[in-house]
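Two complexes are shown next, each including subunit A; its partner changes from subunit B in the first to subunit C in the second.
Our next item is the complex of A and B:
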């Protein structure tokens, strides 16, 4: 009994429990919606969403599909890390989407128009994101502009800047809205696989971006929890005035934080577009969802850099799985709806945590009362 | 059965993780008496009252009202039993009027329409009866803290509460308002209300209370009649040893000038005028210089200017022979320690554990950060543990306790420990004893004098006249941003000091 109690009280166990609860609730309500639309296929649809690549017929196809999901997990994880890192410093980096766009812009331009090797493109993508993040940081630090407001504005500015820059003849055919395929114009601009593609039935989009993203999560975790740099950043996030009192350069810390966050999101974009998984469409008129899904992954991951590794994979998995459900029965939006529900419930993570703690406290009180009653009863005999 | 007691809390035990806040505590409140509850910070006074008010549930012990056992599960139960509480931080709606605040939650309505006239009549009757004059139509945000407190008292009376709890009610009041409150409390008791008065100010307890119950470290020490006791005895009961209310010290031997301020002017954040105007002063090693004054006369901005939290408009500051007028904060702190006025705003990162707060000014030193930039967690914990022991900082879980969950007095002790242990030649201490009890105040004063005797320069900013008179070697009075007098505490009186502080008198300008 005692062991179980202390296990429930453990913050990491709590984080995992609450995240699982979000997922279950989201799936449950999604299931109800599916039942309302068409009861006969609901079970199958939910299964498809959860199983995703496992639904493929042959082992080779399964591996290939898993490779696709992983390839898209890497950029999502980078966006989630961007948001998670800033969140730990007390900043809500909703501008990750814009920083992601700038990363795509500089990364793709360098790769397609300038024919640069992939690592240079990667660095430029990081710089692009970092610059945009630094603008938000600067406004926050010196003009006290809320980072959410300026972040959202910059998301749109960055989107159209990217569209404009990538519309040039060097990066795009006139006939198509998509940028030129990297595999045909600059193979050196593609992030290499170093044999990883062989493990996933020759899926060429599986590259070293995936292990790199996981390593990035570990590095972020180490920086935040073990270094002097992380100590300063978190102190600034918790209490800017105290950070100033302690002689930290609190304004610089805010800018640096958002610049790092921006670099992470920028690299995220490179991890998608420099793998050849997808091309940038210069006619798109909505901010890419990657940055926003990153928010969901951050919260579902319990606001922990290592937690975001799993949550990013999960969210990408249900997104991909959702695309596979039977479109003759269900509208294609249903997968978005279910992932949106789960994401929505992620917002309740803290609420669930509170409830768990309340539940524990009540149980303890009750047990104590029982013990006392038992003791008193014993006395009387 | 007839009983003289309005409320009895018998053998109450309340535990929190790592700490027993109340250990078998008993308090019996007679009808119509003023009963003081005395104890150091963290002695368990607030916890005990929270149990009575239904905010916490005690693990053991019973509560009796008029001799009958009762269960109080939440503040509503307490209310039904006629128990009311004036919290230290008022619970009022700022943009409502006094009257609206008083009736909030117990409005009389007819068909859903508020019946304000009846309420107004009852409030006015109550205010006449107990001498609590208030303007029922004034907005809370417009009235003084004293008036707000009266509103809180009227709130309790309006609900026909018989048992009134006052949680450190004088902490926020001016001396004049304190006098009035004491009178109001006596009126209430004379009308048959029973009052529990939480305080650690001995003189107030001596003046107003009939009996006093003393707690120490969560344990019940005793209950005594105020008439048969003295302040010394009470403080001994509270702290567990003899306390010197006045710390003894040798005459000072000032040596070299450590801090030199020339014509310093600092802007105000509140108004367009300068908060500190053309101030010049010197602090030498081996002396305690005290800036005295009524709150809001530029002391805060003066300290911000010296410590670098705000830039100067003009002037020059020299510390240990170096011009630090425009130096960044960390540069200044090489020679300076600073106990800030507001421990929550500046002094602590409340969401960090205690150990991280203990190294807030030193975390970057090689002792705590390796060359590669990693924190040396083992060293940090060891250092924090040492400071906690040396300065008697108490907390639920030791070094890993989150600072926010510590009592105010222990938070202050942690800051003092950190700042005194750090390398420094000058100590800037701003209201270092704010919110501390006599035992802790004695300790802080002893530390300040020790600093002085070790050849440090001490610049003390204080609002407490007793502290100013007892501790300092030289008093500078600040009034409206200017130094209006320099006094020797041995040759001046509290009355004279008061005249300078209120601006009725100033040196040098009469002629």
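Our next item is the complex of A and C:
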């Protein structure tokens, strides 16, 4: 009994429980929507969304589908890490989407137009994201502009800049609104797989980007919780004035935080576009959803870098699963609906945790009262 | 030229309505980042009302019904934000973002499910309202006057009066500046914040339906409202949370937005060979620069974004 109580008190157990609750609530409402659209296939549809690659017929096809999901999890994880890192330092990096766009812009331009090798493109993508992040940071630190507002503005500015730059003759395919295929223009620009593709039935989009992203999550976790640098950043986030008083360079810390966040998001873009998974569409008129899904993954992951690994995979898994359901009956955007619901419920996490703690406190009080009663009863006898 | 003026006024009306919505919400102390989502929902409600009506119904009935539904849907949707951020102290930025994603996803799912039910091969997300849309337009010698332009002007005047000349408006602003002080003199902060968010839902929904009837007669819901809610936020900040300035800013931003639509029609502008994306970018760049110079003494409501806790000091 005692063990169970202390388990519930553990913050990480609470985080996992509340995240699971958000997921269950989101899936439940998604299921109800499916039931309303068509009751007969709803059970199978929600199963497809959850199982995703497991629904394929042969083991080889399953592995290949899993590879695709993993290939898209890597960029999502990087975006989630970007938001998670900044949030830990007290900054809401809604501009991750814009930093992701800048990463795609510089990375793809270097790869297609300048025919650079992949590692150079990767670094350029990181620089692109970092620069945009640093602008947000500079505006926040020295000009008192809220990072959410400048982030939103920069998302749109970066989108149009990227579209303009990538629609040049050197990068854009003449017949379609997409950029040229990397595999045909510059094979060296593709992130290598070092044999990882063999594990996933020769899925060429499975590259070293996936282990890289996981390693990045671990590094971010170590920086935030085990180093002096991370401690300084967090201290600045909690109280700028106090950090200044303690001799930290608070303005520099804000800029550095957002630059690192930007670099992570920029690398995220490189992890998607430099694997040849898809091309950039220069006519897109809305900010890519990757940055916003990153917000979902961050909060679902309990704002912990390691938690985001699992939550990114989960979000990507249901997104891909949504594409597999019977499209003649159900719209595939049902999985977007579910992940949006999950983000909404994540807003209630604070409340859920409060309730759990209240519940524990009440139970403890009752137990204590019982003990006292029992002791008193014993005395009377 | 008339086309440019017409589009400028149309886009300005949208921006003005939505930015005023944001203005009410922020004055009550709740940051409403979900304006984009509220617009989508209002647009969805309005578009479905229009498409379900017979185009031969009297214009006035179509206009009133569409506007009413858009307003109601917008308010209902904004109550999701109010509920989470007022009673459950949720992170307002997070909930706002969730509302934006949720609105586009829900609208897409709904429209697609509806379209496929009518015709199994139709997987589009388009709602058409070609005939019904004409109800909103009065032709004034080449210039297509849209009823929403009038509504936007009325909303602007009403907002000014409500915010500065009525007891309600001043109390609302008190809740955004110093909720503890407001509470101490007997103002119910929770109620005021609910009112602020609901008004933003009303105006946001109205702006949404206004946007999708501007120039087009069908709407693809999988693109949402293409960032107009965010542009409206920029208008609000640029306007320093003041209705009159918001009106002027809306005109300026509306002008740039209109220019990106019709610039190819002007020979001297087309000759400059500036890509259309530059005009799209302009409003954002300008507001970012202005923000950089004015934010040191920003007029933003002081308590916005902070959940109200009766017990805190």
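Throughout what follows, the second predicted complex is superposed on the first by the 380 of 381 C-alpha atoms of A that agree within 3 Å, B and C clash if a C-alpha of one lies under 4 Å from a C-alpha of the other, contacts with A are read in each partner's own complex, and residues count from 1 in each chain.
To be clear about the criterion, a contact is a pair of C-beta atoms (placed from the backbone, for glycine too) under 8 Å apart; a residue touches a chain by one contact, two chains touch by 3 or more.
As the structure is a computational prediction, the values presented were derived from the model and not from experiment.
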item	value
Which superposed partner A:246 touches (first subunit B, second subunit C, both, neither)	first
Residue contacts with subunit A in the superposition, subunit B compared against subunit C	C
Partner chain in contact with A:181 - subunit B first, subunit C second, else both or neither	neither
Which of subunit B and subunit C A:363 touches, first, second, both or neither	neither
First, second, both or neither for A:228, with subunit B first and subunit C second	first
First (subunit B), second (subunit C), both or neither touched by A:238	first
Partner chain(s) touched by A:198 [first = subunit B, second = subunit C, both, neither]	neither
Common ground on subunit A, meaning residues reached by subunit C in one complex and by subunit B in the other	none
Residues of subunit A defined as touching subunit C within the complex	33, 37, 92, 94, 139, 143-146, 148-150, 152-157, 160-161, 163-164, 285-287, 289, 292, 295-296, 299, 327-331, 333-334, 336-337, 339-341, 343-344, 346-348, 350-351
Residues of subunit B that touch subunit A when the two form their complex	57, 59-60, 307, 309, 328-330, 333, 338, 340, 345-352, 356, 360-361, 363-364, 369, 373-375, 377
Subunit A to subunit B touching residues, read off their complex	226-229, 231-232, 234-235, 238-239, 241-247, 249, 365, 368, 372
Complex contacts: residues of subunit C adjacent to subunit A	31, 33, 80, 84-85, 88-91, 93-95, 97-102, 104-106, 108-109, 112-113, 116, 120, 123, 222-224, 226-227, 230-231, 233-234, 237, 275, 277-278, 280-281, 284-285, 287-288, 291-293, 295-296, 298
